[in-house]
């Protein structure tokens, strides 16, 4: 039904060997400007501050997710048989386009801007955009159906699970990709074996019992990547500083909008109203970083300073938070001329390796299927995972502050300077 | 003190890049006949029956253990400073020579022969052998000290821990090496980081808190390798058949020793008395496999059949053991002409990911050291490991029998043929 | 002499395992703003347009070159013995800082701007910069000596060779790194073996005869990377479009400088006079890309169009150049409204695998040293390399033009659209 | 037509990820005793004496060749379309079974025994064997057709080319596999790309012009593997000693056959008459090595000594051969009690990277096909390969002798002891 490319298009990829494209609509989406924009958004917010080679973008990751979905719908026999060509294409497109709405330094930015990437992704698909036109031209139902799969509300729940379940193409790609580009071994697991052991049972994606070890490995990979990469205190430091910088811009915007003349790259997001798609298109990391460079020459001393710290990587130091840590650091900061609102920050993060939760049609569960076709939730079948579910939640409570303050803190405090 | 090689000797190794040898006594041991014999003993008993590329030998593994010990005593600063050159060499030699006494298909063979490789290793070091002469010539204390380190009774406990603690050179090499040669990803962990974070505290090897994730990864790698490789039912099938074959030989030996004329490669081990070192030297896997080939032409139908099965890989099938499985299969085997003693076998294996046990000077514990120099046992610091310690022990209860019997078993039994 | 870091600083790196830093002056340079700026300059100009994961920056590469120089001066015994600590540090710093002056899309940009990165690198080292202050504080001679090593004019020629000979740390890092990040196997060679076989003979770096195969492999890796990556027609297309875009800006600047109000990121380079170091500091790829985004909304139709093509990856198509290709395409372009000066471009590239040239103290030669200590130029010892030296030079003559023109070209022309 | 396995059978393989088996006849052949025997024949004769991890067998390699043929006939579109299922299966079987006739230490052994593995392979396929019965049962034509493909005389020449052309499945697998198991990088090339660019043109396998770099890389990989692995002087030393050992056995056999009582593993090959298939089946490396162990206790001093050297790796030393080297060493050997016939050996090897030879239907040529469908021989299209074709042939002329003789040789001779 969908037009095929003249011959299969391939793109070299270190994670998957090659990305294979057979359909013209997919090839056209890759070449659309909203998708090409993802080349200017890093995949990992602040992690390249710790792992200097983690410089890969959402562009590469999106291609990788597409490729995994493609393999799933073509190679998992029960999926390949039961899905129509239309549904297969829609699923592949959902994999490809699921991150379209990400802004620069995404999580830091979203935290202060009220602009959620999920919502932007939906708008790019459904409003007037090059992507929207390409999808509509191929099939008038596509924009809505792709948006529905990404939004986890498509009528055939299998497609939702492929793109964003607990064992989905998104996570599989980012764990492997982030491990490769950070140069760590934490994120590796045997995707080939997982793909080979996925079955469809009672309308759920489920892994055969013989694949259970690969899934345990995947759960551990996820857990380790969180603590070693995604929540690394130094990466958090960078993200926190960017969030504080935006915080400061929001305050200034309310007080004195004229300050932002010549800083138009930031204004749409400060306005806070419904931003035009086109404005989003313009706000990429190039724009933000150039904006930071301009801020270093502006009059507001806080923005000027924070922007220079971000660009030159003079990251905040951090220390374990005890009962009174925050209360003790704030006056020290103040005494040294730093406004605690922008210079002292408490950061609490927790992460469980895996939490089965059987609501919402079983989405948040990894299913195991035995030879009799009975489904069990992963932790019922895996002693290891069961132990992890019961494990004490690991927490990280830190207070961040300018490294220059360290000599003023009580001696003996366990402070870390950058890297 | 020890003579150095003219220039550093290097051997290419896929796991470590290169094996580096600086001392003549080590180079000479590598070239000794008892060490070269390890080229004729596979590292993994029956696993190449499942993972066909797992064809590596104890020779390569022994070089790898040596290389890790060498790096430990040279690169871990506190070890490098505190150990004498003599102790460093003794530790490296212990790493190199710790597997010297292994016989063919080691665990299967030991199970029936009362010949334990640990004891043979000690004898090769201490009795009249080429290795013994090389060590004595370098320093008269060496044979006993190397044997003591391997036996975990050397006076400086650090050396014992390097070679056979819970986080020792032996395990680190075999996990990485077995993963590489099976082609699986299960055994990978970040050895570089572990080596970088090892410290000496209160006479214990301990890992800095910042290395705790690498150690968690190592524990999981170990766990997965056990279930995916070392205890794989198909690998067990091969090892069980070899054990049954030796069992049968023992019985025949008691009844009719003349049967073994022309099968002299087996006799020393059947005699059961104190075997000469030289006899051990001759019993390698080449001898055993050739002996099996001869057995296929001998009159005893059981040996004849079992030997042919082993050589031609007609492995026993297996099924989950329920209360009466064994009782049900035995008469079926008998009715089909198979003596249950040699043709039906129950196999129970269990494996915990990690069990801290603080006896014997803390050997069986992985220690974590914090910035204040306080030691804690790993599971006190790691929520994951703590959960694993409390996890239900995973068990595998199987019954093995000739695959030809499958049609005679109750239909519906969950039987697996080879691979 | 130089202050050491408290403990060795390490940074994970997929190419080298870890980058190790022992000296405070090196650590401080890494943290200097001019060095951090390299995070905003891609290592490969247009190659991420072909190999989408080639998104790594000059920051990572510079760390890698530093690490190789560090290993050379520490691990090559004759270097380690003969160089003073001062010279070792100066060489490591030269490796680290050799790319400091690169601008955005470096080669494309240099082609039109008269701003050569070599010259900027020298100025950053010698004029008033954070790097200059750090180097001077460590040793007043350092800025000039580091600049001299990078400029290949330091008095001890060995240091020049380490950083920029024919078999230098720069090339070794980029071949391995670019291969890793493109996901191709072309750039791999056995660096470990080359490092192990480097000797010093008659004041030249030379490779022992036993390492000759590794060097042949390195020469081939270089050759293949050129054709498969660096000179790939699609990568060239991107670089050519950026060069044409700058060309157009230069023309406009002469006609109407007021056009550039609000485009201050570009002006310093258009002025053409001696740019201030600070201006260079600001011109990174973030600034250039944001500038391009602004250009898409400006009045000049050529800049507007070319900038949008670059951002959205609507790359020029290309065809083999025959005698009259260029002459035929130009009027077709014109007839379709495209000014040939900015829309039709001839590109000629050639590349030899290796050209020995024995001038200038033998710089451009790879020396092989035999067991008698006699030096020979590589191609005298290697039949393969000798054949390559005599090989016909491979050439690539292409004409680039907008892909929309393809239907208008003579049918049968061998035109390639993007990717 | 052919019966399929119940579900696809997979075997983990580090080179190919997984080996996939869809047909019962192929699965049965893998499980046949003549194929399982290949587990007891190393892939590389003496190379594990240099690269200690090169312990892989012809069993793994044969599975790898099968997998590449399978991918070729399924993934190369023009092959997939034009071949019948019968021809596809025959080609896959030919890939799997092409090495069936190899004896122990194959090349060394063949050199003296007049037993060529090609001929044995044909006999196992065509005479009474388990493999023959399996093939015949699947299709009565199969044994002959598989034998014909392996013998390069099948009527559809494409099948011959797949298994043993210049760019065939056999070489591709062994280069990649030997590189992996030696731990060197020399044998790597981009097989994925080569497979993707293979086309059928005028009944020839040909590579598209865009794949030419991958083919150049493959040619270089081949060349380097020859010199760094296959022809390594230390590996040759081991193979030469085994050849001399067999030489000595042949002489003794003629003089005194009774010597071989109890050494029956060797007799069939000494008899020199048409050996029974069953005798070949028994002569594997286990038998040969056990035979060597027995020889160390026999009366003939030459066999006794050579066998012990082989088992204990006391390899011959070697020196460059000058005009009179051999003539000088022989009397020295004699004077020290060594019979030069068995203790001094000249070895001459040469290797060209690639020699196009257009006879025999173009077999010995790699074809390149351009966009117009014109075929050219590789060296006409590749400047690099053309240069290599014209390169001086590299030669290695060495004389081997017992290492103990070194002190007696003229001082200054360039002698190498083991490794």
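Letters A, B, C and D mark the chains in the order given here, with residues in each chain numbered from 1 onward.
We adopt the following convention: contacts are C-beta pairs under 8 Å (C-beta built on N, C-alpha and C of every residue); 3 or more make two chains touch, one makes a residue touch a chain.
Model, not experiment: these values are computed from the prediction.
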Farthest chain from chain B by C-alpha centroid distance is chain C
The pair out of B-D and C-D sharing more C-beta contacts is B-D
For the pair chain B and chain D, the C-alpha centroid-to-centroid distance in angstrom is 31
For the pair chain C and chain D, the C-alpha centroid-to-centroid distance in angstrom is 43
So chain D residues touching two or more other chains come to 184
In their shared complex, chain B is touched by residues of chain D numbered 9, 11-15, 31-33, 36-37, 39-40, 48, 51-53, 55-57, 59-60, 63, 180-184, 262, 265, 282, 284-291, 293, 308, 311-314, 418-419
Seen from chain C, its contact residues with chain B in the complex are 10, 17-18, 192, 196
Chain B residues touching chain A in their complex are 184-186, 188-190, 213, 216-217, 220, 223-224, 227-228, 353, 371, 383-384, 386-388, 390-394, 414
